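Sharing a structure, written as structure tokens. Questions coming.
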């Protein structure tokens, strides 16, 4: 059997399961990478219940926290990862810079390592066995339609401002949505959390009470589950304020519709994704998978993702695949010196524009919390379900 | 005799696209008579009846009842009632409610309409079945319910489209006696479509023979049977032979054909036993078929078989000349 | 009865509105699928082009429409053949009024009325519990059959309710074996209805979403892919896909009607004088 | 010969039986069993527990959602019945040429063969805040603010249901109506019934079996739905199907199974009651 | 005369659950005769025929043809062929293929089976219609194709279940002559079920009257008609009166009832014109209905109307005593 006969099946959210990546893999590495794009819930479900249906799981860290105990994934040998050293600190010890404080929630480093090859519990510090290889991450905040709002927005609390009744939206993925809610409740001063990333039942109840009340009062226009839904809601004017993903805002803007990725005084809610290996992978396919991982971190994908507005886990290597203008605009938060285009050629920004939120360090340095799976997650999920159904 | 209350058709015409189903017919149905409309399939009988009932629009001409033109009134306003071939009883209503239906439509209250329905059911001897659904009745019983339902509207003219065709031969004979009785009792006009000439003869005071969308002959039953005007009527009414004699067609009743030593030579082609009579068909040397109805005893004195040579004779006075 | 009443005109207007209601939205996205390259998901139209149809043929950023289409086509054909075969056999069985046929009948009704998501959930759970791999051609296939078979069987019941048994007696009288009777008499007579069963089998499968949702495994069928696109695509390419799938459905119905029409034509090739009384 | 018939019957029905056992009965049994199990974040634990049912019946949201399910089902049923009956009536009794009848009937059924999801999303450009409906109403000066309730509301959910499922009402009703003997209508007219009286006293009672079958279709489709509600309400509303699908999405299979069991019982009771009024096999 | 080739029923019985549709009947159908099975609805005619054909299993007794027990053979192996009431022509096959069907099942090659079918179609005068589908034929034509299809198997016994009931009265009379002709030409046994006694009389060499699952009377047509054994047969065959005289029931032919000055006093209840005759029903003082068939000329010399008093007379020698 030759490497070119190998097919690896990868699934994940539409964010990073891009067919362009599959093509580039074929070119660079010779084997076939099949991509299936799903929404976050389906991703969790598949990772947890259908281990046979994939070789590579492209999932988020909070999903990893849920799924790892099933044993459907195998730990990765750090020594085989060439660019391990260049991976940003967030994914290793949780600190962007040595002086950074740790954010609340399921931060990637808390579920990034296990004690040994077959271990089902997470290690508290770096080990030789990684659960996911970090690939992509970002810091989210509220996206707004400045043309329809017409005044500055500075705090998460604005999401429940009655001024935006029927024009606000929320993300219907519990582990992410609950953190947005917590940011809002905290900003409103309605709830003081011990640890937002690990709420007590009372805190959960209080949070949902506030949002259920708002929902009953018609605050929300719709809930969304995927990137593109959020884009459509915002672009069509159905919604003017909602927590959004940076590239989604770019997508709205690229249609000539004003949309701002609004930095807020309370900070960002961050998320991170990585790729994991199916427990079933072995032999040549496993070798191919490691090859793929090393390729992934070697810069091409990183550049591709960065040019969409995400961040690469190994920014250094990505830099080689970006122009100076691009690197300046996307990473350093500098004004563009020329037009900025997406990897598929769409114009995203004109010369002179700067990225909302500034540089990598401005953004990732102000992370207030990560998407989270808490101890009371099951309770929270049921309450979430009730909230959606109420 | 003609009264003011008669039903009159005036150049009544029905066209379906290019085909003319009823072609400008004129007729007066005298009040209180039992009329049978007779004719081969497709000659326009049903169409005529349905125009009178108001279920088919009139293309031309008019229908007068009592001197009033009713041809544009809705069915229920015409003073006619129709009994359908398939009876068209409402399957979800019991016998009583079927009969009382028209009264209910008029808003008559329940007690009153049940009383009226009860009377009608008595007339047709169906009182005991008032609570049954149509599906629980035999064909003959359904027929009587349909009759009661049509009569409860107190029509001046009852229209019946092949009312007996769904019944078996025995029931048919029984029910036709009943129809006749009821018509007598009520004294209203019955207009009955059939294509059985025995049925027409048995029931009708007057027979209207239709063919090709027009009336071929009409008159009292006996007259039509005894003196058919045309070859068509003679053949259609049955029991007649049509023979060419001296260049003209004449009709001769089959029971007037005698078998003898002298007469027209012919060869027997078929023999049908009919109980009291034997129907013997023979072929003359001119190639004309002649039917002889011979009383059975007489026939079996010297039985004939297909192939036998016979001589056919008749009393000249019995020949009846037909229109060309 | 030739004059039209007022209610006729009122009802005609109602019917026209109903048709507008049925077709309006579909036509809307039909029109929007011809947006220019700059166009979005809503009016106004920004130019007119075939751009989004062309896009469909090119690889999307995510997903695999044509793979999904191929799978749905294959699955549809599998379901179609199975539905026809099993329904016909079941139809024959039910004519016999065997012991337990009543219970089986209620199972068929249950299969028809059970919420799709239960089948999806239950089949998913079973495969999971038995450690079987779910796949559109196994678990997905079986789940879809629980939806297409009741339709097929109901059609077969209707067909056999109206089927004159004397055809079979005549065939037996003519020396046909039971199999010959089925092959040369019963099947040809019920053939048009079988085309109907096939059409139902195919399109119900081709469109099925809920029962396939949790039972299709690694690869999406077309409705799942479309569902994915509604959440993953922000361009009129989804409308182009909608327009194309609608056209494809129309093509299938057209083929069906054409077959029935040709069959009728072939049978009626010679003049008729039925009813002329010979 | 007698025994033979039963054996042959079962032989011929065996593929059907096997499929139904494998993909209907076993799944239902599994769901019932699992509904008494417990779950973790990522797996289900086969340990008997009534916890799922306790939670289900203990939450006011459950009752609300069941109420919403019935509300959607009843309103959709009433609308589809009104529209379906009218359309079928028009086709069966006001269209005289049979060719025309078949042509118009086909015209009604064509959308039925196209993707439900496509049909659903096609409403969005129509009903949105800046959609066709609102723009038109605004440009005609009927309203000056866009109507918010056109989209992402109960209205849009029911509209989509009616759009998707009216055909399931039209078809059986039309089928029953075309089998009504036309002479019954004439008999009613002959007996002095007006068009409306004929409709109420003759056509409607005789169409009941078709209405029942259509009702069974519509009620089960709406009660089991989860995707229409999600799409058309912008995820804001829920019926039981959505409750189940949310649970499934969050890997809460036992909880989903418990809800599913209650939904199944509800649907079967509703259909059981309807089946008492109609002999489906006879009406086909 | 009885030959070894006859069809014999021996205590033939059919039970459906608790009802006995055919109750232990015995009969020998002589080879080459035209037999009509006559009786009221539900008396077991069809069941008997279908048992002989092999489409209904035998509950008890046996069916012998040529001395062999055929009661457990499959239909096609019995030497019988059946013509169905609805004809059961295969709608997807043209006339020729319908007729050739049995040969095709046997594996006869195309040329040969088309030749055989062609011959049969000639026999029934349907050669010109060989390429038509059944739906393109009229009722009478379909009937003839069905006949050809049954006959192509060269059966020893042809079984016909109400073969004429789907035809209109005129066609019925025409086709029955044809049936008789073909039976004569082929010389095989025809077993024809009907509930029309006129049809039975016209066609049958022999009539078997069934009632309540048993044979009530059987014999040559004339014998059955002229000397009915029981009241049932007398009434059923029609044309007879059943009168109680001196404590016994006697039959009297309706055409033997005379109207005179003396005789049994009675009141006319109905008068039916029948063409050559008038059927006058009257009620005797004992409450018995008596039908008199009076030649029409004679009747109209002194017409009677319902309600008139008449005197009924007859020739004593014409009375025929019935079994109790």
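Which chain is which? They are A, B, C, D and E, in the order written, and residues in each are numbered from 1.
The rule is short, and it goes like this: a contact is a pair of C-beta atoms (placed from the backbone, for glycine too) under 8 Å apart; a residue touches a chain by one contact, two chains touch by 3 or more.
In this text the structure is predicted, and so the values were computed from the model without any measurement.
J.: State the smallest step count from subunit B to subunit D, taking one step as a move to a touching chain.
T.: The distance in steps between these two chains is 1.
J.: What are the chains that subunit A and subunit C both touch?
T.: D
J.: Could you tell me which chain lies farthest from subunit B when each chain's centre is the average position of its Cα atoms?
T.: So the farthest one, by centre of C-alpha atoms, is A.
J.: Going by the contact definition above, tell me which chain pair has the most C-beta pairs touching.
T.: Result: the chain pair C-D has the most contacts.
J.: Can you give the whole-Å distance between the Cα centres of subunit D and subunit E?
T.: 56
J.: Just how far, in Å, is the C-alpha centre of subunit E from the one of subunit C?
T.: Measuring from centre to centre gives 52 Å for this pair.
J.: Averaging only over C-alpha atoms, locate the centres of subunit A and subunit E and give their separation in whole Å.
T.: 90
J.: Quick one: report the Å distance separating subunit A from subunit D, using the average Cα coordinate of each chain.
T.: 39
J.: By the touch rule stated above, which residues of subunit D touch at least two different other chains?
T.: If we look for residues of subunit D contacting two or more partner chains, we find 128, 130, 248.
J.: Touching two or more other chains, which residues of subunit A qualify?
T.: Answer for subunit A, listing residues that touch two or more other chains: 49, 225, 236.
J.: Find every residue in subunit C that makes contact with two or more other chains and list them.
T.: 41-42, 275, 277
J.: Give the list of subunit C residues in touch with subunit A in this complex.
T.: So the residues of subunit C touching subunit A come out as 40-42, 59-64, 124, 128, 133-134, 217-220, 228, 231-234.
J.: Any idea which subunit B residues touch subunit E in the complex?
T.: Listed in rising order, the residues are 40-41, 168-170, 177, 180-181, 184, 195-198, 201-203, 221-222, 225-226, 237-239, 253-255, 270, 272-276, 279, 281, 293, 296, 300, 306.
J.: Across the complex, what residues on subunit C touch subunit E?
T.: Of all residues in subunit C, those touching subunit E are 164, 166-167, 169-177, 180, 184-185, 188-189, 191, 267-268, 270-278.
J.: Quick one: in the complex, what on subunit E touches subunit C?
T.: 53-55, 74-77, 81-82, 84-86, 88-94, 101-102, 104-106, 131-133, 135-141, 149-150, 153, 168, 170-171
J.: In the complex, go through subunit A and note every residue touching subunit D.
T.: 41-42, 44-45, 48-49, 66-67, 69-70, 166, 172, 174, 215, 220-225, 233, 236-238, 373, 377-378, 381-382, 384-386, 388-390
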